[in-house]
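Below, each structure is written out as structure tokens.
Next come two complexes, and both contain chain A; in the first it sits with chain B, in the second with chain C.
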Partner chain A sequence: MTSIITAVLVLSALSGILTLLLLIAEFFFANYGECTIDVNKGEKSFKVEGGANLLMTLASQKLFLPSGCGGRGSCGTCKCRVLEGAGPLLPTEMPYLSDEEKTSNVRLSCQVKVRNDIRIEVPEELLSIKEFETVIESITDFTHDIKGLRFKLPEGTTIRFKAGQFANLFSRPYDDVKEETSRAYSISSAPSDNKALELVIRYVPNGMVTTYVFNHLKAGDKARLIGPFGEFFLRDSDREIICIAGGSGLAPIRSIILDMIDRGISNRKATFFFGAVSQRDLYYVDEFKAIEKAHPWFRFVPALSKDDSDHPYENGLITDVVARNYDSMNELEAYLCGSPGMIGACCKVLISKGMPEDRIYFDKFS
Partner chain B sequence: MDIQTVHPFVIFFAAITTNNILLTNFLGMCSFLAVSKDLKSSLGLGAAVIFVSTCTAPINWLVYHKLLVPYELEYLQYIAFIIVIAAFTQIIEMVIERVSTLLYLTLGIFLPLITVNCAILGCALFLVIRQYTFMQSIAYGMGAGTGWALAIAALAGIRSRMEKKSKVIPELEGAGIALVITGIIAMAFIGFSGIVRIN
Partner chain C sequence: MKQTPELDRIQRKMQPGVLTLKGFLGHDDRKLADIIDADRQTMLAMHLDVAQIVAKLQDLAERGVDLMEQEVLVDNRYLIRVRDDRGKIASPWGDGLFEKGDVDLVDQKTGKTLKWNRLTLRLIQKHDFFGGYGSEYRIDPESVREILDLEPVADEPQV
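And now, the complex of A and B:
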């Protein structure tokens, strides 16, 4: 009997000592203490608890860097210049940084851990990015896998963004997804409609955020959005425009066209090629047809790649349809939006028709 | 010859060659086979094993001789050694992450693998069975780890060369051919036998 008791006592003592050692180690090593983050040479400065990554730490201080993948290190949108205190460049960041960015201290903020004082530099616009606690005004079924959502901003709040930019939508924990996460969605409403935001969301099977949107959100629910982000917007020039989109890529193009109407830009011809598989994948057709009627500078060209039924639209892959419609594209400017595959294929066609590469703007929905 | 009079350096050397924990005792096989596909990660894992076995061997020696033996609880050695190893790898992980993120990414990610590596536990058990002194146990821990790292680096080197140069029949690809190579390396290590004896 005594031997059993000694065994238990000795083993507990050993575990106790080890636990104590672990706690002491945690206190000394996993505790990074208070760190200071300096933004744009003293323009802003935060005192934060060290230990988390830079992206999340900045977000906790309401400074929101863009983030397409929610901090998983798989999109490369969360770049920011870290002048001091980031530590060595990590293998996880390498694939997303050009040589130029590497030498100018650009880092992926979701991979940089805050372990001491840090000095960063971010574009001025980012300081105006805000977080919005919105209420869902309506959810519309556009096609079998695409929904349109309208989010009402809190009373008295407005948002300023450039048509074409995106916002990040947050999901709350649901089913066996325990954490909150966010994904980028292009804003489909016009900047003049500034008391609300509209998004067009396509269901991705087993996708974390789209499953949440499709199965758990309904009108009247609260939803958190952060934005606006992105470099995809209409450039100031007199050139004729060609827009190409597939699926939910229609969203930012709609915003751009509505914005052109609002701003009275009628000296630029604009053609919108919308690629879909069959008629059931088309949406907003009536609205674009109506715009076409009211504004002679705009043309809407839906193209169906696999639809044998009788329909009034163009037939074939969007790349072929675009190629058919133009002889030369030397003088045009292009805005593309959709899957990386579609964008890659379209770029090839545009370049082969003589469009300079630096006049092709796109947002890859990766 | 009384083992306790053997110089620790001899034990260190023997643990690498004649008594290589992997090639003569075949301990730590699972991570050996899994992580030996390329030289870089095998060196990372090897370094982590050297580190952990060097640190845990003397601690386990102390736990055994100063805690278990006085209370006649030798039969608890397995449990005691395992919790020491588990706690210790956690502490090392924290320290490495603190010191350098780069080192953490090359070394630290392997530490959880090592907690369940039987070579580390085997090392602790051998130093009890062979009745090493405290100094000898440090030398043995370091030697066993180094021997293991050497073996995995050798296998990884051969495997990555074979990937480019040799045709392996499909049935033997992966773990199969790795085991065959390990056998041949082990036979080559028999060449060391007779130089020193520590058991």
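And now, the complex of A and C:
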């Protein structure tokens, strides 16, 4: 019995000593000291303390790479090219990288630890992305499952964005959600309204950020936003445009139309088809009707897919309504925003009417 | 099947508030390996193949898309509504991102319901994970056999 107790005590002591040695070793050897991150061949350079992942380290220097999961290695969106200093590709990165990306040194920044000097390459537009600590100025119930939020930027701060772009909104920890989480939402306000940002958010059942917005956020609360992001914006041309949206997809289209008014673009006809199921899903109708009245180049066409009541709008699926309004779309360009299913269905119709695929624009933040 | 450290890591990602608000496990407190094993045994006992289930659910979902979230009666039996959300959801296995959007099915014959999305089907197809007890996305093998009228496969089922 005594020998068993002695053996257990000796083993416990040995384990304790080994743990202590490991902690001491980590303190000395895992201290990476000061590292330099070079961005875009000297365009920017940061002196940082090593040890954290590249995504968070860049964020601490106010360089924000898009991230849908907050650095948990599960969304694959925080990619950047690491030209030097990243170490070998990790198994956790493999599922998110194509063969081409692997050979051209694209890495998941949330998985790359900053251990030494690093040289990276990021798209130029990411350098203008900023973080904003905002205050919720108002929350408006647009429909039974869509809210409009207006975020006031800090005093003296403005934002520059292209109409159609999106921003990432962060939820704070709540209930079972222990970490800050972010999701992308299109900006619905005009770029000229640059001291605030407006977002339109549709409730997603079990959505981590939309549940926070719908159940926890209220006017006067603080909220963190990062942006702008995205390649969805009005292209410079003289072509007539057709915009199609459903649900919260109205947001970037509103921003684009308001921007066209601000910039005095009246030489391009624009028609906005807004698809909804029934009248209870419509919003901003009065505003768009007023724009239509004031600006002859703009036409607003709400369409209801299942509403038997007496209403002044078009009847049918938005795809059918668009199709019956045009014989040919050869000379038009299109801007779509909505669910992936709606975008897919609309693309089929537009292409069948002769619109070249490269003139169909939709945001890919999904 | 053994509960490896890798399965521990995956099970942590399945907890509420990590990848999704309610997680993947419902009120099931079994080890992930045990959850998978139990459903595999049920599938084997019923001579069902995961491919049967996934193919049928995919087919039903496809018959509800492009309808802008309207309900549709399929095969004069299943009331289906496909919700179409923007954004993607990550697999707890770290093997991809899947478009959000739930399919809700009500079987008018049995009154039973099913809910799934693209990730649910992926987890069944690749990992034999049907969801924990109490999860609203659980595709219980016995229920789904009854709802979909699945026939046993002639050969050894692939689970």
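In this text, the second predicted complex is superposed on the first by the 279 of 366 C-alpha atoms of A that agree within 3 Å, B and C clash if a C-alpha of one lies under 4 Å from a C-alpha of the other, contacts with A are read in each partner's own complex, and residues count from 1 in each chain.
Heads up, the rule we're going with is that contacts are C-beta pairs under 8 Å (C-beta built on N, C-alpha and C of every residue); 3 or more make two chains touch, one makes a residue touch a chain.
Computed from a prediction, not measured in an experiment: that's the story for all the values here.
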**Prompt:** In the superposed arrangement, does A:M342 touch chain B (first), chain C (second), both or neither?
**Reply:** second
**Request:** Examine A:L18 and indicate which partner it touches, taking first as chain B and second as chain C; both and neither are also allowed.
**Result:** first
**Message:** Applying the document's definition of touching, compare chain B and chain C: which contacts more of chain A?
**Reply:** C
**Message:** One more residue to check, A:L83. First (chain B), second (chain C), both or neither?
**Reply:** neither
**Prompt:** First (chain B), second (chain C), both or neither: which does A:A52 touch?
**Reply:** neither
**Prompt:** If you stack the two complexes on chain A, which partner ends up touching A:V177: first (chain B), second (chain C), both, or neither?
**Reply:** second
**Asked** Touching A:T92 in the superposition: chain B (first), chain C (second), both, neither?
**Response** both
**Request:** Could you give the residue numbers on chain A that contact chain B in one complex and chain C in the other?
**Result:** 92
**Message:** Help me check something: in the complex, which residues belonging to chain C touch chain A?
**Reply:** 13, 15-23, 65-70, 82-88, 90-92, 94-97, 99-102
**Fill in**
chain A residues touching chain C in their complex are 68-69, 72-76, 92, 95, 175-179, 183-184, 202, 204-208, 211, 246, 248-249, 275, 277, 305-306, 317-319, 338-342, 344-345, 365-366
**Request:** Please give the residue numbers of chain A that touch chain B in the complex, ascending.
**Result:** 3, 6-7, 10-11, 14-15, 18-19, 21-22, 25-26, 29-30, 87-88, 90-92, 113, 115
**Message:** Residue numbers of chain B touching chain A in their complex, please.
**Reply:** 63, 67-68, 71-73, 76, 79-80, 83-84, 87, 90-91, 94-95, 97-98, 100-102, 105
